[in-house]
Amino acid sequence: MPIALLLPATLGLLFLILPLAGLVIRAPWSTLPQRLTEPGVLTALRLSLQCATLATLLCLVLGVPLAWLLARVQFTGRRFVRALVTVPLVLPPVVGGVALLLVFGRNGLVGSWLDDTFGFTLPFTTTGVVVAEAFVAMPFLIIAVEGALRGADTRYEEAAATLGAGRWTTFTHVTLPLVAPGIAAGAVLCWARALGEFGATITFAGNYPGTTQTMPLAVYLALENDLDAAIVLSLILLVVSVAILAALRDRWIGST
Amino acid sequence: MRSRWIRTTLAGLMAVAVVGLSGCGNDSTDTPSPPSAGGSSAAVTGNVTVFAAASLTESFTEIGKDFEAANPGTKVIFNFAGSSALATQINQGAPADVFASAAPKNMATVTDAGNGTGTATTFVKNQLVIAVAKGNPKGIKGLSDLTKPGLKVALCAEQVPCGAAAKKAIDAAKVKITPVTLEQDVKGALSKVKLGEVDASLVYRTDAKAATADVDAVEFPESAQAINDYPIIVLKKAPNAAGAQAFVDYVLSDKATSLLTEAGFQAP
Amino acid sequence: MTSTLDAHLVVDRGTFSLDIDLHIAAGEVVALLGPNGAGKTTALRALAGLEALTAGYVSLDGADLDRPERRVWIPTEHRPVGVVFQDYLLFPHLSALDNVAFGPRRHGVDRRTARAQAAQWLARVGLTDHARRKPRQLSGGQAQRVALARALALHPKLLLLDEPLAALDARTRLETRAELQRHLTEHPGATLLVTHDPLDALVLADRLVIIEDGRVVQEGDATTITARPRTEYVAQLVGLNLYRGRADGTTVHLGDDGFTLTTTDRLDGDAFVAFRPAAVALHPEQPHGSPRNTWPATIAGIQRHGDNLRIQLTGPIPVAADITPAAAAHLHLALGQPVWAAVKATETRAYPA
């Protein structure tokens, strides 16, 4: 093993792990049990998990077909569309939240229509949290799935056609199973990103315990005057997400 | 004690980063300036690093320019952020000369840790107003109007000063307001009104004044119960103690006070 | 069930163009043979509907599947055409059974019935015990049989096989070829076998169509083609030396420099002359006696060829000669060495070009 690789690899690992270690070491272990049972904590955790999961489902429903379009359909401006899809990656999430408000807000392009027609507004609702998280997390899914689709052998789809499968059946019965590992990986990335989402959520959906206050928002506010509480909340988020991701990896991605 | 060490190190790194960034692009400030010819008081020179609450951004930038003009050879470097974050940075050893806080609580954090000199002086007060959309379309006249059903209200979260003040005022008015959101800071609460997502929010008068193009401010009597004092102090470990004292004196001068009241603050 | 393929395939891709006629009767197996890049795969894809014709038509049992001139286009999934792909393309996420049941399921057969039919097909190819295995757990020969069962399960009117044995090792190929022959004989529809292996074509097909550069160069049954190749490529396929010249009685003039070969077939005009490499004898000096063709040549290459050695000769005509190792040792053969080549007239065959 060349030292030229081993050394930076070790440094990289330390760089990623030390802050986590800092949280663990600094955690107020003696008061941890009381803090864990505070009602607000579980509410925020449950909301976080629900919203991240719903956002991931939304991303799957919209993102997989979009990834298919980008990977399989030749159309003019495809490169441009592909670049647009990654915009939420480079956009500061707070700006993303403002942009969402301009479209889905009470006075937004779509939002005002929603309000007039259905009397329904997205900001300050749990649905709004899901929308904000999906907006920020969707590129992760699309990039992973598009990559998987480009890597998949399209001749399997031709084989399916010779066996009588139409394009839709081919997509559902052949293409999707072939790229299932890529979709799973993308969904996991997407979920993790949604779980940690802060900027777009607080800007678009606001912050209210029980409806829109997810764990990252709770952590941020706790930081204002109670560092210990912030660390506890961060640790919970960390433990739960690492546990879920590890379980998913083993089951679906088939890590080697 | 290990945890203490980590906390110190992390906060120190943070503060260094902040100061480093604020010095960016100002290479000349590191070299000492020539002494001012016939200064008003004792000759004040060099950099004065001021940690100031975010709500002071506009007025202090102005005051800083005036101060530099009055004291040739000085350069004021600002670090604007939330008062609690600034207090933490100072206590972790950030090399600041002056601390101007938006709340006595955060000032106490610094002075209790023995990082101030003397007692802090209140240089302005700030008061809450109800920020509403331009023209006040919902006809809001006071806090009790915010209880109307269907009206969307944004407040600051209780953990931040504007939220604590809002709670005091609302309690004093003996009304029950159910907000749709508890914002992380006063700018967040204000922007929700600007964007029309809420009908009203409780913000500082100075913030409403800075946004007169988009919002109207409705004064309400109970805000007198929740007046926010802004204390300022020269820090103990100030690298430029003379400059720091001169800056604090300048902030307390009539000229600076009138500039601050123009921005919506009240004189103490 | 009887079916007949009637097709005139025209695919124009600028640098490459395919233009061939194909007719296959019900129950007939036709091999489409040709070198790489001749257009075999393009022809197969056009028949399957994986590629559109530029002109011409594909018609099966009198029904048009593709006829650009009349804007007729039946998509792949609606064609009664089964395909066995070169590397089989078994769906990796499905078991062998579900791979075979895939086609019937897409044609509206319920899951139970489709699986029962698939099980029958797997039994016919002798893979009942492997029904639950995933493709990656199957050997090459087994995968080939699953792919065949999958294509046959839909009772296609036209079965297309793309290099069905190319991916197999020599031993497996022998067994699989024999079994494939049995299934092709039983298949009532038309079968087109695309291959570059003459042995596959000779064993499996009733008739051969040979294409080069997108055109048919020769067509006929195995006997005709092996006896009378008409292009260099076909001659190589069937292992013959082939020359084109002008016949005058039993003498055939090759080229312009007066070189002639004597044959026993009598004809006049443009003609081919062919003889086996084994019919060529090599001598250190000019041989005498019996009426035969002799000429001086130089050894340009020596390769193993089965139990014998194949000697490439240059001279008035390029010739391949097969000789035994014993004869080679006796002659002390070496590259660049001059020898005399001899072929008896009775070993040559001349036929009109």
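Order as written gives the chain letters A, B and C; numbering starts at 1 within each chain.
What we mean here is this: a residue touches a chain if its C-beta (ideal position, glycine included) is under 8 Å from a C-beta of that chain, and two chains touch if they have at least 3 such contacts.
Protein identities per chain, from UniProt: A = Molybdenum transport system permease; C = ABC transporter ATP-binding protein.
Worth saying up front: this structure is predicted, and the values here are computed from it rather than measured.
Taken as a contact graph, with one node per protein chain and an edge wherever two chains touch, the assembly forms an open path, each chain linked only to its neighbours along a line. Of all chains shown, A has the CA centroid lying nearest to the centroid of every protein CA atom. For the pair chain B and chain C, the distance between C-alpha centroids works out to 87 Å. The centroid of the Cα atoms in chain A and the matching centroid in chain B are 35 Å apart. One simple way to say how far apart two chains are is to compare their mean CA positions; for chain A and chain C this gives 55 Å. Residues of chain A that touch chain C in their complex: 153, 155-156, 158-166, 169, 173-174, 177-178, 180. Residue ranges of chain A in contact with chain B, taken from their complex: 22, 25-26, 98, 101-102, 105-107, 123-124, 202-203, 205-209, 212-213, 217, 220-222, 224-226. Across the complex, chain C meets chain A through its residues 48-50, 75-79, 81-83, 85, 89, 91-94, 102-103, 106-107, 150-151, 154. Within the complex, the chain B residues that touch chain A are 2-3, 6-7, 10, 82, 84, 152, 154, 157, 159-160, 179-184, 188, 191-192, 195-197.
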